[in-house]
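Consider the two complexes below, in which chain A is the common component and chain B and chain C are the respective partners.
Our next item is the complex of A and B:
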């Protein structure tokens, strides 16, 4: 419909030069930053394409491509004229690439001539070696300028070519990188499915995709982006159109399918993948609990790890033969019952003093309480019970009715146990959200004083949220103790609280599917605070990526990966209201617009 | 029309650091009355409501509701005793649906907890159904504006007038005896004001609520009130029927200022 509004392309040098220079400088800064974090050097061992490309170079190469494309991206408002794309976009991209490439060349020159290794620990010859491709400084610098300019131009070109081409190319690039990054996991999975031959064809012996592998991946990716995408969209559309009972049927079907997958898949997966899934499950359980506290009741609890610790230590003390103070050596199942009890007490104990506070104050105080619990556990005073810094070791695995022993050497069993508790947590969240208590939590989140004035006992209701969250976290702690076989206070640092919160926020606060997505993406792919993820090579830069991802999400998609409809409305109130107005959903009320109402006197 | 004494306020004062928002106020409402509280801006009307609903603690005096003191109770306990209010600057739970807004207001009249909701017990289902039915009943009081397809829309899509109506519905849902309406027709057009005036009458005749109302629209005050109380600078300066009050020189002075010649 906007075709008539497209004006002819502008000349190639009719640029918004300020913007081009700004993006160029951003690119230069990003290239320098990534270089000086030592990512190129550390990740050089991770091969993406045999003999051609390593992850180390890839972390630099994507930058000019992305920024070269972004510099000419403009938001065209409805009804406004837009210019046809053309040579101008390519020139802008190339210019951005040039500035960035010159910046990196400058770094290479500096690396060669100056020694700044005092403040910048990664300022060394290894980095220089990588950046110059093992050649002379001049050649390396020239290469980078050329690479950066051409990649920037390609980014610009991506804006010009038809959407289908752009999508195919993008999908290919992303797929190649993804498949290469997941090499270890795919190795693990291929064994279970008897697909070793495919794996051997696609991956080289010493790591990295073979050329044949790249071709296969590209064919699949292009095929998907041309055909599969449309099909997926159709299915989604059909699902969205379903109403009432049919929708419910479809949901039940999906749920059963997911449950079946969760039960059957691990049998085909290797140790490594099962271990990953078990970690995802542990953090998912924590995140589901925190989702009730933060997502539903709106209580920003930054000391959530305390309840994880309560679960872990209670289990350790009750089941381990080497527990210092007393060791009843109870079976795990019995210990879990006591864990629930202890979690309730801890929830009330920590909740009671902080619950009357609101917002930022509450966040700070819970942050403090989380650390208090950890420091108490470590202190000499409590070391008689908790083992202090030595922790408690030789915790036996969890005997599940004599069927199996769940412990770290059997990650598949850990996963099943965790999945069982996650299912309970999901059911609880789902039921509670649609209950009297869930509505009260939402009301408290929306406006605490009004909730109070409408008869909601906010103190009780908030304490309930705290306790339910505490129980779920303690379950996770109990499984964690049985899985790892030992507990140390270092496993319960404040970083764990932060990571769980990030999982909830990135996934989508207040939405169960969102929390699951967040746990899979962050814990599964990147790894937990002390647990490796799929991208084990990145574990050193995990927190950096967490931070970058969080900032990017807050700017671009604050409602999370799988948003809760309510929350995204909250965050995009204006746009939402405008849409509703366009659709005629907002009543322009003059007291007589709705039929069948009380006639005005 | 008036029955037993429902609310008695004696010698009530409150001050916010040196400023007396209310001083030595005496006030009462009988069952079945509609009383309007009027007064210029800053007269202490909303503070007066905040005090009754427990959101502000008075520095002296007493509030008796059905013979029992409300002092020291939390707002939710006051609501549970049977006093519900609306807010001058509409404060709905904007991201909850219209139905949820009136459902959550029945919190203090219901009791199902975690156990019931997790195991979906019969008692839980019965209570949920009752909550929903009562919610739809109070929404139905305003015709079809807040019912039907609107039930599951969020409160944020409502027009201003409908938000005011939903606030009244939410207060009604708490099953109160005494309803405190803070400027119920503010921001409504004349047609809507007339309609709401009629509905306020019905709130008493059909639902049996006793009503205390803060209002600036004198037409509404005249049409609906049994009695009018005028506040200025935190003190009662007049009370009685609308006719008496509207001609009272103190009231005229409070609203319009003193005639020029007397000022000298």
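Our next item is the complex of A and C:
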């Protein structure tokens, strides 16, 4: 953007009042909602900075900061003038904060005077005490107004200050929260690396960062955002400039490095972190499978958990000595071969009837199939085979060529096994994406009728996606059965399908790196449907957060955190065309010649 | 369009054979089951019924009548919810997965209001007034939920690929479910005790009073909706927008407002259904909306999506088949624990209808662009 496109700053009180009031009301509503979910009280145990800040307050504090900044953020269109920033931003942020703070004060007053605990279970004195900082009602309310106004103003100020300052401050805040959130894992890791002294310096005995820890984290974060970022950008530029054989060499190097890290790192980690990694791996395997179905072929399969169940139950029946109908007690490795076979059959059986349906009907029908399978497994009718509601227990661990026995008490071995299968899945996805089949999938995703006209056998291609996805999910199910040692129908609810879908979508549909990022961030930090994550305190709220995250991602960033280039172009086609038109790359408004769309070879 | 092209193609692929096989197999199962049922009703010891199921017993006509009535009363509720799915699908062309939660909000607020009224004593002293207040409150709340949902989650996504709003609605559904669990506490919450005349059988019909009430209220709501859609200006606008949004806006119809109206009307119907649920089953949890929601969508598809009469008929069909099929088809076939498979039956009906007649029993009514 050139200088000439910046119009002069407006006066501080020249505001778009409606927008400010709207954001203020949104802030007030958000603060009330978060307070009434009891997050401040329940998360108060999780300390971020010793004596100063707990996670409970943090879930309230970030809201005025974010909304105070967002209220004056403007979308600068190509070729349009942007406004010079000034006092106006700060005043708007403060005004938003004021409305929000008044809203929260109102809640404090109501908490003190009324008793609404009948429908609202969290309406109690504990919440009031947290919200008033243990002071009197008036003082607490006044504090909140002041805090909210100053945080809102700071949010506005962030729009005004130079980018470098903003980045450093943001990086510091995010880093402090992140490090505090990862405390349990860091404890585990520091023991493995003999860095207990550093951990003891940075973290207080009763949890939370010490002041020294905060200083260390901020120094590192600011250092990174000022120097490291530029260096990383340089490296990335150099990498992008590489061509042909050299690029391949760089890729191989990176790959080897990652592989080495995956192999060596778990040895230094404790049980807790390995357990987390194993869970992340199981869900990553599922997500990679769903990524092929949803991300590449564009089939929204909401009954994906059915294949997970097929894998789990097949393994259980074949390996457990206590499986009701027949128990061949096969070794795990042999069972897995049969699991693949069963997954193929299940994929074809569920895929074939739904393959010709409209995309949205397909979603509901697959969901129905998932439920039918779960309900049948649970019923007395099938209990002769599946154990009904009692499930199948005493599944032995997986003997890997007599080397080791993989089971729940040894999460590290589970992780290696899962990582091995994830590596296969990643390699498969990567090769498939660039194959004839992968291109056919993408063609079907973009426009089925056109793909068919181009000679793609859409039915077979979509069935293939179902089958490949089913096999990966069944692998995950087989490992899951060996890890947990028992299977119950409750592990295979619709909820699991939806959590996997959230992982794929938040990470970035159709992009392997995105799916990995999604699995690590969501399953690792927040936790899976039945598995706790790093932030065990959040477990009560994680499904709420998943739901909100799914909506927010679809509205603001449907391509995910780590987007697939082609996919995001499909999603933002209008904007691309408009930008290209404004840049003068399109001659006429038919949009017939779009030079920007042709990627340089 | 693609289906007509395909049906003209001469050669059948493996998938087609498989589908034909599935259709035939499912139909045969249903027919054999029904035949065995008829056999065991005539004489439980007859050869055919015994061959199919060794333990065949006769079902009393009284029990059969109860099944039909509970199927219909449950089905009329599905029908009321299905109207919301059907109207939104007709207008916007996407499945509002969260519509089941709108119904749950109705049942939940109905529970809260009626508990409060019971504490105040109005529930016992003047039941009719109390239930009317509860109906008004829950209709208002579920309408508001539907409208807010449209404003926040769906309006920004107008014109996005079809699956995007569907995924968003899954997120909305998840969010509302868990909001209810976190704000109001998880688990089942009970409605106050109903007055005796609702719990006893109605003299002449021999049917429980509350089931009669459910059927009558559903019929009245359906009539009101039919009047709104077919006889008023608003309804005309809704039909026009469903047919073609662009041309409707050229004719001076405020498309955004009409869409909001559609959501509001669907939400109101779901609110009524929510109260009826409370009367019929007496308790509500945060998951109350999930299964009935999906079943109601199935009902909308079974009746032909976009078709309001079809939605109601589909609801009744689905409700009665999920209540009757375990006894009429599965039990004579010798399936043990057949009532556990009630929910599975509902989904099988959906799959069966989509395999045999994808446009539903009464034909779908969609705009040209959605008829893909």
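We take it that the second predicted complex is superposed on the first by the 559 of 601 C-alpha atoms of A that agree within 3 Å, B and C clash if a C-alpha of one lies under 4 Å from a C-alpha of the other, contacts with A are read in each partner's own complex, and residues count from 1 in each chain.
As a convention for this text, a contact is a pair of C-beta atoms (placed from the backbone, for glycine too) under 8 Å apart; a residue touches a chain by one contact, two chains touch by 3 or more.
Computed from a predicted model, the values in this text were never measured in an experiment.
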With the two structures laid over each other on chain A, which partner does A:443 touch: chain B (first), chain C (second), both, or neither?
-> first
Mind working out whether A:464 is in touch with chain B, chain C, both or neither, as first, second, both or neither?
-> first
Check whether A:380 is in contact with chain B, with chain C, with both or with neither, and answer first, second, both or neither. second
First, second, both or neither for A:70, with chain B first and chain C second: neither
In the superposed arrangement, does A:432 touch chain B (first), chain C (second), both or neither?
first
* Asked: Which partner does A:173 reach: the first (chain B), the second (chain C), both, or neither?
  -> neither
Scan A:451 for contacts with chain B and chain C and give back first, second, both or neither. first
- Give one of first, second, both or neither to describe whether A:182 is in contact with chain B, with chain C, with both, or with none. neither
Interface residues of chain A shared by chain B and chain C, listed 449, 452, 570
Note: in the complex, chain B contacts chain A through residues 53-55, 74-76, 79-80, 84-85, 87, 91, 93-96, 100, 103-110, 112-114, 116-118, 120, 124, 127-128, 131, 142-145, 153-154, 156-162, 170-171, 174, 188-189, 191-192, 194-195, 198-199
In their shared complex, chain C is touched by residues of chain A numbered 36-38, 118-122, 298, 300, 302, 352-353, 355-361, 363-365, 367-369, 371-372, 375-376, 378-381, 383, 448-449, 452, 459-460, 463, 494, 498, 501-502, 505, 540-541, 543-544, 546-551, 554-555, 558, 570-571
Interface with chain B, chain A side, in the complex: residues 427-428, 431-432, 434-440, 442-443, 446-447, 449-458, 464, 468, 566-567, 569-570, 573, 576-577, 580, 585-592, 594-598, 600-601
In their shared complex, chain A is touched by residues of chain C numbered 1-3, 13, 15, 18-19, 22, 94-95, 112, 115-116, 152-153, 156-157, 160-168, 170-179, 181-185, 290, 294, 297-298, 301, 335-338, 340-341, 343-344, 347-348, 350-351, 354-355, 358, 372
